[in-house]
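First subunit A sits with subunit B, and in the next complex the same chain sits with subunit C.
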Partner chain A sequence: MSETVQTASLPRSSSSVMGFVRSYGIWVAAFALIFILPRIFTSGFALTAMSLMGITIIFSLSYNMLLGQAGMLSFGHAVYYGLGGFLAVHAMNAIASKGIAVPLPVIPLIGGITGLIFGIIFGSVSTRRGGTAFAMISLGLAELVASCALILRSFFGGEEGITTNRTKLLRLFDLNFGPQYQVYYLIAFWCLICVIAMYALTRTPFGRMCNAVRENFERSEFVGYNPQLIRFIAFCLAGFFAGIAGSLAAINFEIVNSSYVGAVQSGQVLLAAFIGGVGSFIGPVLGAVLVTYLQLTLSDITEVWQLYFGLLFVGMVMFAPFGMAGILMLHAPLLRAGTLWRLLPYYVIAFVPTLIMLTGFCLLIELTVHVMVKASDGPMMSFLRVTFDSHSFAPWAVSAALIATGYGLLRLIWPRVESAWNDAMSLARQRGGVA
Partner chain B sequence: MLELVLVSTLNGVLYGMLLFLMASGLTLIFSMMGVLNFAHASFYMLGAFFGFQISKYAGFWTGLILAPPLAGVIGALVERYGLRNVHKHGHVAELLFTFGLAFVMEEVVQIIWGKLPLDYRIPAALDFSGFTIFSTNYPAYKMFMLLTAIGIFIVLLLILTRTRVGLIIQASLTHPHMVGALGHNVPRIFMMVFGFGCALAAVAGVIAGPALVTQSNMAALLGPILFVVVVIGGLGSLSGAFVASLLIGLLQTFAIAVNLSIADVFGYFGVHTNPVPFLSDIWRVTVAQVGPILPYLLLVLVLIFRPTGLMGTRDT
Partner chain C sequence: MNSAAVQLDGITKNFGRTEIIRGVDLVIKPGERHAMIGPNGAGKSTLFNLISGRLMPTAGTIRLRGEDITGLRPYEVNRRGLSRSFQVTNIFPRLSVWENVRCAVLWSMGYKYSFWHNIDRLTDVRERTEQILRQINLLDRLHLPAGVLTYAEQRALEIGITVGGGAEIILLDEPTAGMSHAEAEHAVALIKKLSEGRTLLVIEHDMGVVFDLADRISVLVYGKIIASDEPAKIKANRAVQEAYLGTAA
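For the complex of A and B:
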């Protein structure tokens, strides 16, 4: 009897180490990563980019609490982000002028509580209804706040916004948060805390009930929960984390203006969360990193980067509704069963015509932009470091040829990729990698 | 005072009818497919820009006739090759698709026509003052807009209630499967209605373009108001959309005419106080200044006291 207990407990003790690594290893790795990253990418641009990514990660994860977890499509999430930012700036100015002993690192909490309070106020109105009605109400509330931001000048500072100075607060451990790397660590610290908190929330019964409300409103009512209350709580908590993100942005830029609460900001977080993938927890993190990076770099390459952005979004909605994370998740069972390598050559082959087609599209867009918008620059333009005359026939023909060739080849190759996918999937099923 | 009320009423009804031109298409599309077309205001914008482009070569009237069908065809194509594919992913994906589409359409319009307002003129045949109320000259073009909008409204009503096509559309609103079983091509009806709704929005764009400003942000400015109208009226209710359009139209035009603030009201009763700095804005801001936010305030009020909207019956 005692022997069986011992033999049973032995593997358990060894698996508890594995279990610890499996369940917490990723957080330890994340902690190490955000600590090491500024040592690897030391340039000023990288530091700024990583700070922005941290803010956007919190913001898009908080958005995913609504769209991904609880199934509420909001077009006005920037309201809580922006109001959190405004309150944080007013608090910082008040603290600095009155000499109150509050250090900078706790300021995001003020923004978070602001977001929470406004989440409670607006949530009590808007979460009574779900689906399309909720989306429209969130849009109306966002417009209400955005218009107020231009009318109530002494609080929102009108067009030019309100500035602050993050170095004037109480100093702890001789940190004045003047240099960007100190701000980066502050953002990274809050980012890690928020990500852990939001992940933990998805593991609680509340998080599970959010998913239940998303999947089937009526059935979750039958289980004995009040689904409206669950939506309301999720909304308030999303407001809380958005407020933290907003106040971190206010600390980072030392300025807030009416664009913080605007429709563009709301749209961007929706784009980031959706492109990353709203079906999984990691998706919005991926989306936040990618979208922030693209925003910072694409605007240098092309004037119409927002068009590419919109097209990417529309393409994602049409062909990959679960985003980048969704595409990756599709391959997880193949990876587990070890059949992914069979697929890779086909992906490489399919990648070439896709690239040809996309190059053709980009050339077409850039040509149009050059002829329509930048007519004053003269007919010469350059694309991929090749300079040519945009008014001549050749570049248009090249772009049409690229699109046609890419599309034709893709049509030829795609059935093979599909059959390779099916083979790999059925092999994985035989090996038991697919549940 | 009477003059102000009369002119504001006329302007309000005009603005309301323009809103209804768009809201009617939006409501029809919503009740049929359950998708709120976020890009609906973009088709209004497209109508104005197409109208402008055609009027440069062939005059205003050709633009008025050609631009709406053009926008309608684009709308039908969007439904056929975009929305119909997204449909299998659910309503959220459909709404997001139209959201992205609105984004892309604004960018494309900016590339082709630029960001600055266009010089879209009122046709010379209508560029005179129609009649005079007291001392205000009311432009003939505004009367033309009003009559066009009312005319389309009546035609739409007749088509929906008196013709065979209208009966099929009404039937597919409530019983799409039965209509399909009777041998009608329901997806094609959806495509036609989507295109027709977009064409209606484009009509509003062509006639509003010269009177208001034709600019690439006109969709973003009008879109939210349009959704407010549809939600206040009750999602999917055509008569509700009509009432709400007029309500919002009148509300906004009357608000612009009232130059009164809370401080004035209290001053009238002999109370003069200066509240704390943060509240002083609320204290001094005039009704005319808060005009743009009144529709959204109304939206919140309606949602608190009547969550289904004024005439809505179903809870989505």
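For the complex of A and C:
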């Protein structure tokens, strides 16, 4: 039948080699990548960064099961992350002190089950409602757990938290998980498993109905589904994966404290998922990598790194609401039609004034911070390794000039970028790269 | 033993003190195409909402093939074999046309909340989805987001979603509303084709469509059914002429 050919672009089971590559190639590549990465980036910083990225990838993908897949805006996802972490630490301490034969690699499962159980408890309340009501309930539950974390000292350890020693558990294959690279591989292993599981979940009847409930809650009720139950299941599973992420963090740092369940942690996962893009599966992965990297590096460069972080978020919401993945997707048809290279020179040209403008803004922020917040340090400060007097006129004038120049040039160049975009797009359309 | 596909007994619905539906008794026989007509505000859509579980009746019972379904949730009603469309197009706008129809077939094919089946490998689901898309003539649109379809195409998709689950009883709420004459004709042909072997209850304003489509007609005026009969007898019914058709004829 000729019509069936049109549906051929939908994935089908295939026994051919090409079919295997298309279906699983990306996962084999991902496996190879996480295996090789520590050999390319060998520094201690890189290993720590990659370990944290792995944790954040799981956490933000689990968050996206709520926001991106099922349309639930949660302000309290760290609850399941943190509780998973606490239970994991208590489990590790108990296992070590009683000498139970449980190796470290299965500990994240304890965290996951903790997240699942609390997902079931809290989800049965919060998923009855959608939209704003759900968001408010999630916020309330997060506050509840966060305040419990400070009150119930015996379990949460108060301000100091609870420490553990990951090397005291049963050894498998002579791995004691003392060195960071062993922990990295443990995290990478769980990360890959979780990513595959969460991706597979989006390709199931349940996963597709999550999208349907997100799109039209009422209509899904009239095709036989209980949309509240869909939300509830999604919530529980998101809790499960968040718990795994939390327990991996506990293993990585060997300490958990009340900040694990706190609002800042909940906010950060929202930012990571959103900056990466909640509209696609890969988005939160990109967001997790970027946000983790920025957190680690920006905090060394500037004291107000959270301000830059917030500005980045605001900028994304305003100019790229579909996140980094959305920006990439926009270029996919051009790449397919082979017209992307026409655009690149314009991007390079536009990049220069953007950089000038951003430098001006950063200088302005740093100057303001130095004068307002760090007045006791004296008037001298340095920016981009140049030392100058923040009370003098010159640096302020330079920052204003940079912003004005950058903005002016960008205004001048932007129409050309736009027309180049339109040309590339129409050419792509002619070549049939765009549906 | 009750043989009616749908049977309403003394259904009333109040919104606050306002009576919208005032004691409706109605019997829809299995396999018949039944049209519901009546002036604006007569309560036709409200009656649909009551039957499909969207609203709860204030009093009375609703039976589906003999089983009391009064007060069941919409999905429970749907699982018992009654599916409805909406007057205002109610689809999944950002999902593809393909996904829209596929969502509608999943439950009835037994996949429910499964998170262990790979959806792309469900041959039966794919074939059924394809079959429905062919019937509603949207197979060449399958990759588009449903929200970008033309109005008439969205209405066809709405019907496709409604019949997708293979329900034996279909309720269509003004399926041709807002369509051009040619589009409406096309839609009626589609409805005829899709309702074959099923029980159909349809709300319709276009009298041409009603008399073309229906085996029987019920006339709802101010929350009461004043007549329920074959088209020719409805045409001849004086009460109907006074209340409704008189102004149209």
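Criterion: the second predicted complex is superposed on the first by the 420 of 435 C-alpha atoms of A that agree within 3 Å, B and C clash if a C-alpha of one lies under 4 Å from a C-alpha of the other, contacts with A are read in each partner's own complex, and residues count from 1 in each chain.
The rule is simple: contacts are C-beta pairs under 8 Å (C-beta built on N, C-alpha and C of every residue); 3 or more make two chains touch, one makes a residue touch a chain.
Computed from a prediction, not measured in an experiment: that's the story for all the values here.
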Does subunit C touch more residues of subunit A than subunit B does, or is it the other way round?
-> B
Looking at the overlay, does A:Gly207 come into contact with subunit B only (first), subunit C only (second), both, or neither?
-> second
For A:Ile233, decide between first (touching subunit B), second (touching subunit C), both and neither.
-> second
Which partner does A:Ile282 reach: the first (subunit B), the second (subunit C), both, or neither?
-> neither
Determine, under the contact definition given at the top, whether A:Phe313 touches first (subunit B), second (subunit C), both, or neither.
-> first
Subunit B versus subunit C as contact partner of A:Ala133, first or second or both or neither = first
Contact residues of subunit A, present in both the subunit B and the subunit C interface = none
Which of the residues in subunit B end up touching subunit A in this complex?
-> 30, 34-36, 82, 85-86, 89, 91-93, 95-97, 99-101, 103-104, 107-108, 111-112, 114, 220, 224, 227-228, 230-231, 235, 277-278, 280-282, 285, 289-290, 292-293, 295-297, 299-300, 303-304, 307, 315-316
Considering the complex alone, what residue numbers of subunit C touch subunit A?
-> 52, 73-75, 78-79, 83-84, 86, 90-95, 98-99, 102-104, 106-108, 111-122, 126, 130, 134, 139-140, 142-144, 161-162, 164-165
Subunit A residues touching subunit C - in the complex, by the definition given at the top | 3-4, 6-7, 9-13, 200-201, 203-209, 211-212, 215-216, 218-226, 229-230, 233, 237, 435
Across the complex, what residues on subunit A touch subunit B?
-> 67, 71, 73, 75, 125-126, 128-133, 135-137, 139-141, 143-144, 147-148, 151-155, 263, 267, 270, 274, 304, 306-307, 309-311, 313-314, 317-318, 321, 368-369, 372-373
